[in-house]
Amino acid sequence: MTDSLFYAELTWPDSQARIADGASVFLPLGATEQHGRHMAMNVDVVLPTAIAARVAAKVGGLVLPPLAYGNRSQPRTGGGPSFPGTINLKAHTFSLIVRDVICDLYRQNVRRIVTINGHYENIGPTIEGIEMALDEIGRDRVTDLIVLRVDHWDMVRAATLERIFPNGYPGIELEHASVIETSMMMALRPELVNIGQASNDGPASFQPYDRYPSPCDGVPPSGVLSLTEGSSAEKGEWLLADCEAAIIEIISREFNGD
Amino acid sequence: MTDSLFYAELTWPDSQARIADGASVFLPLGATEQHGRHMAMNVDVVLPTAIAARVAAKVGGLVLPPLAYGNRSQPRTGGGPSFPGTINLKAHTFSLIVRDVICDLYRQNVRRIVTINGHYENIGPTIEGIEMALDEIGRDRVTDLIVLRVDHWDMVRAATLERIFPNGYPGIELEHASVIETSMMMALRPELVNIGQASNDGPASFQPYDRYPSPCDGVPPSGVLSLTEGSSAEKGEWLLADCEAAIIEIISREFNGD
Amino acid sequence: MTDSLFYAELTWPDSQARIADGASVFLPLGATEQHGRHMAMNVDVVLPTAIAARVAAKVGGLVLPPLAYGNRSQPRTGGGPSFPGTINLKAHTFSLIVRDVICDLYRQNVRRIVTINGHYENIGPTIEGIEMALDEIGRDRVTDLIVLRVDHWDMVRAATLERIFPNGYPGIELEHASVIETSMMMALRPELVNIGQASNDGPASFQPYDRYPSPCDGVPPSGVLSLTEGSSAEKGEWLLADCEAAIIEIISREFNGD
Amino acid sequence: MTDSLFYAELTWPDSQARIADGASVFLPLGATEQHGRHMAMNVDVVLPTAIAARVAAKVGGLVLPPLAYGNRSQPRTGGGPSFPGTINLKAHTFSLIVRDVICDLYRQNVRRIVTINGHYENIGPTIEGIEMALDEIGRDRVTDLIVLRVDHWDMVRAATLERIFPNGYPGIELEHASVIETSMMMALRPELVNIGQASNDGPASFQPYDRYPSPCDGVPPSGVLSLTEGSSAEKGEWLLADCEAAIIEIISREFNGD
Amino acid sequence: MTDSLFYAELTWPDSQARIADGASVFLPLGATEQHGRHMAMNVDVVLPTAIAARVAAKVGGLVLPPLAYGNRSQPRTGGGPSFPGTINLKAHTFSLIVRDVICDLYRQNVRRIVTINGHYENIGPTIEGIEMALDEIGRDRVTDLIVLRVDHWDMVRAATLERIFPNGYPGIELEHASVIETSMMMALRPELVNIGQASNDGPASFQPYDRYPSPCDGVPPSGVLSLTEGSSAEKGEWLLADCEAAIIEIISREFNGD
Amino acid sequence: MTDSLFYAELTWPDSQARIADGASVFLPLGATEQHGRHMAMNVDVVLPTAIAARVAAKVGGLVLPPLAYGNRSQPRTGGGPSFPGTINLKAHTFSLIVRDVICDLYRQNVRRIVTINGHYENIGPTIEGIEMALDEIGRDRVTDLIVLRVDHWDMVRAATLERIFPNGYPGIELEHASVIETSMMMALRPELVNIGQASNDGPASFQPYDRYPSPCDGVPPSGVLSLTEGSSAEKGEWLLADCEAAIIEIISREFNGD
């Protein structure tokens, strides 16, 4: 029988034993969203799941099945809800999933949950879902539950960003399908990246406001918001190592009081 | 670049091209639910996803990311919502996901959708989700959309059931974590089955009614509702072959008018 | 003043006294749905209400007003949501009614509730409604509440089915508007049955999957899924007697610990 | 076969024929609510259903199954949500039922709907349910649908009120379980009235504001808000005749353009 | 720094101190709704806010930001949802706002809340919102919370109405945009009243039932349901003084036990 | 009569005429949220409303009543939902308000809407509300509607930020209750700022992740996330002038095609 890092690959007695031992549980939050002409649409699922697995391997945690459908993509951060290929959930639907999963984990005595997010637009509905779970469980009763909410891009050290972007970091929002995501995919799932297909039609230059219902004109035709030039598996490894290290440190501080 | 069967492993231009060519899209509907002491909790995800992939390979279709969290497990069909390990969504949450995914597929011109279900309790909320999608798209407008809803266990031929159960088929509800599911898992993911751990504490003998909030006493301690004896990868292959053949025939009839 | 079996026919002091005495409360769950050319559309209301009344008379219980509108009819079990005459609630609406009624009964100290269902498609939303009520009341607080969920067709003894169907029971799903329901209606409300109008256009032969939005072609034009031949008030009495006896036994076991 | 006034007592072909002939459809809206020590709790169901049947008999209409559970009772109009016996739905639940029923009637070509209400607290949620139905059907499409919303107490002629209350009409809100309702029940279901049990602990004297969560102190212990003295079946007949005549006139004006 | 009556004009430490001192909190409930050709559309906001401020000044209370959008206007009480200018919320939306605000006030130790309503159609959804808040906080826990719900028109003394309407008070529903509201606006915000534009196309004569989806024909073209003749700032002062005095007395009785 | 910039201060015929003339409509989105010991809690309402009024005065637009209650405050951007004084709406509630208001504006022929936001946490639920409105109106029908979504801080020119923050701009999230907001309040409502009470307990130093349910420790006791030093009415004027100019330019481009 597998001694898997993945919750759903365990038998129920094994999962029960692991949770009784205090295992942290990781919930990867992703999306099925266009990521340029050179990458698969599962980038936002692959990255947080891989990061969660690396961390879980080190801290004895368990990785839950990722949420593979994300909150509505927006033009300025992912191409927008009507970009071809992207599949969008409504914000309330996404929040309800997060709420239900957390409430049910609580019921079976999980008290240490880390959501690891790979899709910018999930931030708000994840916060709402967590708050709704706390409301439903009962604020006075949840004294022993800690839920951490991590966006993987915020785990990268400034030094690494400087190393990768010697000319200046364009900021996470424009990083959609760009050097950071491309590099990490090259490190993790090279068969899902065709760097030769990476367009040079960016970077996007967005207006500093949103317009509805028309998609903003600023999304480059490729869907890549910034640039892919210079992406490499090696850089991907730097980034993944940062994420792993940072989350391990967070867990140590928040869960173990170190 | 991969020429994947899996929608989310494609780039957006590839997915767009495939859909423009009329590719059918398969949505596996699963759960994270106890499946006895001898199997992983992802059985209801693994089986419909694998079946979808086999069919998609033959008919030129695409497999969407599966829904890995299912509607509340019930004692008589899966051990119940409070069985350790199982993670339950509320019915309305599950329906909203199905609704959102179908509405958004429709927006990007998908007109041939097949849901392949692996979790008994998903049946009702899937029907509701599909109906809600039709309501939202507009009943008069959806003249060109066809959504098929398939439960994999209904795809098995009577002859195969007789071959597997020479002493009589106990019925699909009691088959939870039993010979059918165990055999298919042995064929597909043998590393997630430890047949030596299969208990002989069944079959379940349920009262013909439900009691709340207490779990019915009839669930065997192992969570296996019937028996696992006689499970084999070979039988799993018979079952998978039946599912594949039946769904291909359905698609041929419903989508191609053959 | 009436000493009625029907909750709503009592004055409030009488209902209060009866509940303080520990009376079980029965909630019939029905539908307004086509039942062939030979029967009224209230079959799914009449049957569970009559059964509830017979049981209540024996065990000193009270029958609540039935829910007369049911969850969306489906082709394979009732003709489908677009069959003429049928009035469909959405699943979530139905669940909310069940939730509200149970929560409010709990508030007024009812602790023994039995839902008696007459409409196949109500099963899932009733389970959800009960679970939602338990969530709302608070799982830790409801230690003294028992809700039983009974489908009347599951109360019939195998011996009776053999007697009625000497050539084999077609199964409950196909029994829609067929011998079982017709016979019970003939026993209870003969004026609502015109057996001469019963069509012989069945039995339905459904594909083992659902297709949306078109109704499955397999529904016979009459709406009767199986056959009505051989229906009689006498057989109806056998069936009703079985239901009555079985539910009384269940109550004795679950509520009185016998 | 019955040639019933009640929709659910018809076969589906009969209901279909009646609707094709332009039959108006009546939806009685009631509640299960305390109505004093002298009357059953189904008053708000019995009255609008009986009135609907009288009108339907004259205009060739059909009476739908009544909604037997109403929106939360309020102290100033019915004793309040925590009065013993009363069963309360949340407003949103009630509105969703009204919405679903109207949407589904529209689907099967019903274009003339009259809701007849017997429970004061239903007014708001009924309006909302009707508006939600119009939103869902589509405002531009519903040019041929007319829904009338009638409260039965507003159908009584001033002359009749003067005759019944020679000393002045206390107003409909205080009429809860009082002379008007009691008289109509005496005319329709005398076995559900025990006039000897009618208390003389009213009339209620409410403060002109609401207080939550405590029930207002002004509800008399009996639950009768005004007085029952002088109630009689004869007066009930006057009231029912007024309701019948007024609604027939409304239908004639609104539906037939007379 | 301001020593404002208005909650949102305080700093958080000041609000916290005031609440710790037991300050009552007033929530004005209004609407943006047509009020005739002679008045602004913010009447239903201006009036309850001004009344709240006058009361708060006397009792040491705090006025919350008013809800400026109200529940769907109805023809018989405000011109209806499709009258030009009016902006309508759905009932459920309105109730959710009330629920959220009350729940959050409770969280920060507010235990004395008074809603002061200026829009007839808000009554039902406000009641529902308050009840939902009590449900969410938990009925057993809210023993120390009192929420009062006041409609300002019910605070006017009979003597004042007689003085203003020597020929008889037409009733509050017809008072929409008429003498009462116009007079109070003249007292409070004369620049928002142009009495010369007041039409004489009323009073409205409504049928005693509602018709959907068409607006009732009885709404006068101006939107004034009754008459504006005789409106004056002086009368407005009488009305405001009544409201102030009555609410102060209510607070004294309900909150201070006087 | 007033010739107001504020929609709700107009009569309905005036608003109707203005909209028929093509007036843009501005919806300020705010919150009631702690803004340090030195400022009122209505900052997020005052700023967008004032900016909207300045723009409306120039372009002939109308300002709707602001939403005065915002989506749940978060620690990293506003102190968090349990900071004293702050009143939080759930995300779904906020989205429903935005949806209802936009749908209803559309009904009365408004086709140019600009939301001006002053509360960071409103961004996501506003996007969702706008998308829900487009879903409800019907994506094919809304070809003539444009909704712009503006956050006022994104309207400030880089040159102005450099002038105000010669040592570097700390970024908008940390600007909560800091120099930008304080300066604009000093320009607009000096009586609501007591600069002497401004604490020097910042800047906040947040961890780059969220923790629930405990508030992050990084919020300075004052609630000011950055610093207030150097705030002035003059700088406030620079900022307001930037906002005004930028939004006028946006409107010119998007609405007039300039």
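A, B, C, D, E and F are the chain letters, set down in written order, and residue numbers restart from 1 in every chain.
One rule holds for everything that comes next: a residue touches a chain if its C-beta (ideal position, glycine included) is under 8 Å from a C-beta of that chain, and two chains touch if they have at least 3 such contacts.
Just so we're clear, the structure is a prediction, and the values are computed from it rather than from any experiment.
*Asks:* Give the chain pair, either E-F or A-F, that is connected by more C-beta contacts.
*Replies:* Here the pair linked by more C-beta pairs in contact is E-F.
*Asks:* Greatest Cα-centroid separation from chain E: which chain?
*Replies:* Taking each chain's C-alpha mean as its centre, the farthest from chain E is B.
*Asks:* Could you find the chain whose CA centre sits the greatest distance from that of chain C?
*Replies:* Relative to chain C, the chain with the farthest C-alpha centre is F.
*Asks:* Taking the mean of the CA coordinates per chain, how far is chain B from chain D in Å?
*Replies:* Taking the mean C-alpha position of each chain, the two centres sit 47 Å apart.
*Asks:* With chain centres taken as the means of their Cα atoms, state the distance from chain C to chain D in Å.
*Replies:* Roughly 26 Å separates the two chain centres.
*Asks:* Can you work out the whole-Å distance between the CA centroids of chain C and chain F?
*Replies:* 54
*Asks:* List, in ascending order, every residue of chain D touching at least 2 other chains.
*Replies:* 81, 90, 92, 107, 138-139
*Asks:* Show which residues of chain A lie in contact with chain B when the two form their complex.
*Replies:* Spelled out, the residues of chain A in touch with chain B are 1-2, 4, 6-13, 15-16, 32, 34-42, 45, 64-66, 68-69, 81-90, 92-93, 96-97, 99-101, 104-105, 107-108, 191-194, 197, 223.
*Asks:* Flag every residue of chain A that touches chain F in the complex, lowest number first.
*Replies:* Listed in rising order, the residues of chain A that touch chain F are 72, 74, 81, 90-92, 95, 121, 123-125, 127-128, 130-132, 134, 139, 142, 145-151, 154-155, 207-214, 246, 250, 254.
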